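Which chain is which? They are A, B, C and D, in the order written, and residues in each are numbered from 1.
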Amino acid sequence: MNGVAASLGAAFVLAGVGGVAGLAVPARWRSAAVGAVTAAVGVAGAVSGVAAVSGTGWQVRLPGLLPLAGVTLAVDPLAGWFLLLIGGVAAVVGVYTIGYAGTSGLGPAARGSSAVLPVFVAAMLLVPAAGSVSTFLLAWELMAMASLLLVLSEHRHSRAVRSAALWYAAMTQAGFVVVLLGLAWLAAAVGGESFAAIRAGAAGLSPVVSGGVFLLCVAGFASKAGAVPLHPWLPRAHAEAPSHVSALMSAAMVKLGVYGIVRLGFDLLGGGPRWWWLLLGALGAVSALYGILQAAVAADLKRLLAFSTSENVGLILLGLAAAGVWAEAGQPAVAGVALAAALLHAANHAGFKTLLFCGAGSVLRATGTRDLDRMGGLSRRMPATTALFTVGVLGAAALPLGNGFISEWLLLQSLLHRDPAGGTVLTIAAPVAVAVVALTAGVGVVTYVKALGVGFLARPRGEGAAAAVESPPSMLAGMGLAAAVCAGLAVVPVVLAPALDRVVTGLRAGPGPLGGSSATLRLAGIASTISPLWIAVGVVGLAVGCAAAGRALGRARRRVPAWDCGDGPLTARMEYTATAFAEPLQRVFDDVLAPEQAVDVTQSAESAYLVRAVEYRRRLPDRVEARLYRPLITAVDAIGRAARALATGSVHRYLAYMLAALVAVLLAGVVR
Amino acid sequence: MTDQLLNLACGLFLLTAVGVLWRRELAALITLLTVQGVALAGIAVLLAVDQRHAETAGVALAVGILKIAVLPYLLRRILARVPEARETAPLVNVATSLLAAAALTLLAYAAARPLIDLAPSPTAGAAPVGIAVMLIGFFLAATRRRAISQIVGVLLIDNGIAAVAFLATGGVPLLVELGVSADLLLAVLVLQVLTTRLHAAFGGTDLDDLRELHD
Amino acid sequence: MTRTPALYLPLAAPVAAAVISALLGRRTAAWAGVGAAASVLAAGAWLAGTVRGGPIVAGLLRADALTAFMLIVVGAVATIACWAGVHHLADEAAAATDRRYLILVQLFITAMSLAVLADNLGLLWVAVEATTIVTAFLVGHRRSRASVEAAWKYVVLCSVGIAIAFLGTACVYAAAVAAGAHGSAALNWTNLTGQAADLDPDLMRLAAGLLVLGFGTKAGLAPMHAWLPDAHSQAPAPVSALMSGVLLSVAFYAILRYKTITDAVLGHGYTRTLLLVAALASLAVAAALLLAQRDYKRMLAYSSIEHMGLVALGTAIGGRLAITAVLLHVLGHGLSKAVAFCGAGQLVTATGSSRLAAVRGLAARYPALAASFGLALLALLGLPPFSLFASELGIARAGLAAGQGWVIAAAFALVLVAFAAVARHGGRILLGPPDPTPTIDPAASAPTAGAIRLRPAAITPLVIGLVAAAALGISLGPLQELLQAAATTILLGR
Amino acid sequence: MIPWLLAAGQAVLVMLVAPLLIGLMRAVRARLEGRAGGRVLQPWRELRKQLRKEPLIPADAGAFFTAAPAVLVATSVLVAAVAPFLSTRGPLSGVADLVVVVGLLLLGAVALALAGLDTGTAFGGMGASREMIIAALVEPTLLLAVFALSTRVGSTDLGAIVAAGATRPAEVFTPASALAAAALALATLAEAGRLPVDNPATHLELTMVHEAMVLEYAGRDLALVEWAAAMRLTILLGLLANLFIPWGVATDPHPGALAVAAGVFVVKLAALGCLVAAGEVFLAKLRLFRVPELLAGSFVLGLLAVVASSVLA
């Protein structure tokens, strides 16, 4: 029996077991059982991914399942890459869940959400494994439904959950519908719905069909991926879901939107004209910038992480766009590098975002708040969590020593490459893309310095933070696993080079893009190299050396109160908050962010010149949502209210409808 | 001779329908409906005689009993229980109603063309009358406020269709006609009960009062 | 051409149950009703095996694969509804009317069985009209002002509508007679499909329009749908379940039967246009009125209009895939809607109101019931693993393959609006923190407002229905062959 | 072995020269302003004094505060070791390119910003916030300049870029290159915390950026921070010098050539330092919220550089 088949089958069976366990196991053992099974599902999925990226293909058709269509599974290296990614995330999150769901109140460990968790993972594994349009759509919708139920886990505790879930439900369904239309159109145009048939027939498609399909599907996939302006569900759902679910959604599910674009654009349609990719690039650029700006000014830790997901997806889309453009321009080697950058960034983001969301969950569990302004002082109360979170921050801020840096470096390399025959559009687009990546990276650093510095360091600014205690071992173990993976990806990304080569060559997008010895990463078609291992050794070695020398030669440090300008002891209220930290940035970008501010000055009763109180309120609404979605919702609601006039209750009116219909039918017979 | 009688019956049939639109006294509506029943039964009998067809005669008998005796009786009983004499304020006034009836009759003639073209008997030429009566009945039901008026409208529709069936094909099969008649009878019985309940619940049978269920 | 008891069982069993209801005690009668419904289901399954060799004709009755399938739909939904009805009755205090209720429900089932078993299309009409009469008092069961109003509208609108269908039937009869058929045989489906080539196209065109309008009224297609929300919201929940789950489908079944004939005469074009218009109109009306809906039983009713719109859409598209999907949709919708309505009925019993604004946080108060109701809503929204997902997917694929891309896009956009609306309303009543006190709506006239004791046993039929809907969405199993055969019947007339 | 030695040598050179560069700049500035000023060696004396003093740590600070100076020094030294200051065959060829250098410098800044936040004082947070936001806004300029430079040689490898300049100096003096130089110069001033972005000589509350972050450091830690800051300035000016004035860089690791290269490097640094110091005399610090305008200007220069390099190449 094939390795992919065996492990994937095991994953699905385990998910079933987990679902039953979630329903049947008593509350006391439930989270442990479900967490363990979920982790096992993840491991099985990851194993199948490893088998697939190492070249073992697998295909099967099960006509008896899914009425009217049948299920077709087909696993190739591309699918394997995403199986590996999802499986890895699930394994980590499973371990984390044992402690998290078990100790953080009723919601995440309730019967229903416990049962759905492993099923969600299985549904996500099914998406890349799908080998036909119907199977893909089934998996897609199963995944959406399972995640929707999981987002609802804590609906009893917070009213915001319902609104978040509604946004998510409506937008994910809208995305599903456009993907459905696109893929069904594609299947109808080539006359077959298996991916193999589409691949074979794609060359004969008219540009209208392939372009239309691409637009429809990219809209749906990008919405799932959280790309701006199709993102409003994401900060809500990620923020309101239990943290282990946020981690799964942000790190794994969102990537399946990316998978969809890769599968469709590079595999099924086999590439396309330049305007596709420029459009995708524009989408990516907007997502990256808008996402990171919103993240930078967010004071809610989970909202910050969620918007950062939009940002990272934007970067991935930029990579895909670059790959498409270069492939179209006849530069397959660079295209391969760009594609590898996008895929590697997907994996890196999965790594650090799992870690960060789990970290946020630990903080939420310990302090009871997601508000950065009410945290602080956690580095001494939760040292292990802080250390692990720092690893994630290094990755997310794309700093050297972090894993995000490697993929952004790759992305930049593919963008910096210049095609002598590229034409004016590329001459403009490439530097703009570089600038976007750079600004994104820069603001990303601000964002994560804020998250770590304001959230974890200095003194506690809230009662919850003051009373925080370290997380249980299983949560730390889950986060530790994720941190280890992040560190590995940061230091020796070379180990993934063969897998990425196989994925890229499997997509016919270019020759194997990556190479190099154990330490140095070399690229096909580009002369630059990097050796993350030596950089890490250098920085860590020098820093440790420096610190050790200082300790050996100098005197020990003495703790003293910080300088208070002679104005009495410092209090936590004097610390810089997240809002204050990001304020200059908000000023710089106030044309984009459009903050709403209101200052209320209450005068004293005695005199208008004496001020009794000043109240300052500031809100940073999501502008895209306010400009794009609110009017739509308002309009639809208005239609709904107006439509009530259709059903006034008058039987005469109802009869008149019928008479009108009858007359119309009779007239249709007469006029003809 | 038969043809002339048939035309006469058809004329009467249409005329009564227009009369129903015209009159406002509910008792008069019932009388007109009875007359229309007579006309319909007449059509059936004439056709049965013309075709010398026993089954059609049986159908004519059943229809006659139902439309001339049973249904008017039921309607009068409703009227007795729900003492409302007049259709005071129809949603569309009488003059407009009559114009609409004219338009509907024209439409009926245009729409019934395939029936006339195809029917085996020359009597089919009168089939549009049935469709016209049906449309008038529809119009009546849609514009009259009293419960009884609406029932009369439903019965007009049924009469119209029955006339079409007779004129175009010499009547649907006996078994089907029996079923249809039974359904009609039961429907009117149901409506009778409901009218009583309406009267009890709403204190009247003005159907415009039925506005509690709406969106 | 063998006669088989299975042909008569769907008629005899409910009639027997009705007799039992008239004679014996309430509990016995209620369970006898469940048994009768199950017999219909069993008969459907039995016939499914028997008709494999070809259709069975016996007098006025006839059974082919489509009949067997429809009997299964009727039986399955009726079983759930009657079973839930056992508990529903126990909850409602008005014992005096129970006997009549039980008798009428059984007669209702009989009429529907007769409709799908009738070979003679005139008889089919009679049976469909009979359902109106039988259910009139069921709709008005509670005798409140609202329910009398609903019953009046129901009877008038449906009688008028179905009369149009009778005119259509008469036209078909005229065409058949003109083509040389005689007597009652002229309206036999077997006969009509056989002589379709001789029927007059102009007349059949007229007939097709009238039939779609007429039976469309009963099937809840816009703009003839207006009776539906009122009737569904006022009828006792199990009756709503039966009406929504099978009555609409049985009426649509008549359209399917006629479509075979009209398509053979006229080609696809005419009925396709008619049905597409009706489908889009239904979807638009349902979506628009779901948006600002204020009553959850009415919400379910509009959802029925939406689903009948989808069924009409699939029928309009035609072709094997679409028709198979339509049939699966009918079954899936029947099961899910039955569960939803029965669940809604229990919610009304528990909370005393069916107003959306009056009910909050049910998941926290009645976890099992809210879960069943919520899952039924998810099933109705077309999410996997429930079978409506498979059938909607099939309709979409078939539509795009048939070149109806724009229609499908418009339809699914409307479905999406309906999705959002139902999700919003459903979420509002189910989710959130529990209200400290059970809300009793003073405007509601439910006899047992505020009674909040729910029996776990009452959930059982709901769970069974959900499991069945989910199982169908995963695999059809033995139904696969029947579904294909039924589609063949519709497509080819044999 | 040779590359390692060369790298170590380069790092030691930068470590030694950096305080002297600061001293030189202060002296030049004092002279131009008509003050006597300190001597060139004065920064070294200050470092020695600070290293002897007792290091203090605020009561609420943690590991981030204590670790930051070491990280800052480590990144600076590493960059000093890998950049092609003396030889175009970069000492550790292939380990790090221009993008990595930018990243490493940023990592140091981040360490310091976290330290500032870790103190729990308003000043620390303020400095960290400002420093990070300036760094974020400088980033696009830096990478666009990298783009402009790298398109010439098809690689972001520093050694390759410098080597290309050294072997074909004509290519350095193109409009594109001049624009890139201007952009990079502005970015350097911002990164190094010089006027008009930040004034290293002030401790006025409202204007501090870098100084606000390091306000709580004392003794050994302060010495490390100051030293590292000097090294960062040296590195940035050195890069500027070698990228746009590519003469004197050794093309092969011959000891004699390297010695010459070291001398030329120091001279170039001194010249650039004098230039910067002289310029600072005539500049006032910008308001914090005008800094973005300056950086936007440098960004435009960078973009023009890239476009020019494409169009005119």
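Keep in mind that, in the parts below, a residue touches a chain if its C-beta (ideal position, glycine included) is under 8 Å from a C-beta of that chain, and two chains touch if they have at least 3 such contacts.
Being a predicted model, the structure only gives us computed values, none of them experimental.
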### Message
Spelling it out: a chain qualifies if it touches chain A and also touches chain C; which chains qualify?
### Response
B
### Whole-Å gap separating chain A and chain B, where each centre is the average of the chain's CA atoms
68
### Message
Report the inter-centroid distance (CA atoms only) between chain B and chain C in whole Å.
### Response
30
### Query
In whole angstrom, what separates the CA-based centres of chain A and chain D?
35
### Query
CA centre of chain B versus CA centre of chain D: separation in Å?
99
### Query
chain D: which residues touch two or more other chains?
none
### Task
For chain C, jot down the residues that touch at least 2 other chains.
149, 152-153, 156, 160, 205-206, 229-230, 289, 292
#### Entry: For chain A, residues that touch 2 or more chains besides their own
643-644, 646-647, 649, 651, 655, 658, 662, 666, 669
### Message
Run through the chains and report each pair that touches.
### Response
A-B, A-C, A-D, B-C
### Message
List the residues on chain C that touch chain B in their complex, please.
### Response
60, 120, 122-123, 125-126, 129-130, 132-133, 136-137, 140, 143-146, 148-153, 155-156, 159-160, 163, 166-167, 169-171, 173-175, 177-178, 183-184, 186-187, 200, 202-203, 205-206, 229-230, 233-234, 289, 292-294, 298
### Message
Help me check something: in the complex, which residues belonging to chain A touch chain C?
### Response
64-69, 112, 133-134, 137-138, 141-142, 144-145, 152, 155-157, 159, 161-162, 165-166, 169-170, 173-174, 177, 180-181, 184-185, 187-188, 193, 636-637, 639-641, 643-644, 646-647, 649, 651, 653-655, 657-658, 660-662, 665-666, 668-669
### Message
Applying the document's contact rule, which stretches of chain D touch chain A when the two form their complex?
### Response
51, 54-64, 66-67, 69-71, 73-75, 77-78, 81-82, 92, 94-97, 99-100, 103-104, 106-107, 110, 113-114, 116-122, 124-126, 128-130, 132-133, 135-140, 142-144, 146-147, 150-151, 153-157, 160, 215-216, 219-221, 224, 288-289, 292, 299, 302-303, 306-307, 310-311
### Summary
chain B partner, complex, touching residues on chain A are 643-644, 646-652, 655-656, 658-659, 662-663, 666-667, 669-670
### Message
If we count contacts the way the header does, which residues on chain B are in touch with chain C in the complex?
### Response
55, 111, 113-115, 117-120, 131, 134, 138, 141, 147, 150, 153-154, 157-158, 161, 164-165, 168-170, 172-176, 179-180, 182-183, 186-187, 190-191, 193-194, 197-198, 201-202, 207, 210, 212-213, 215
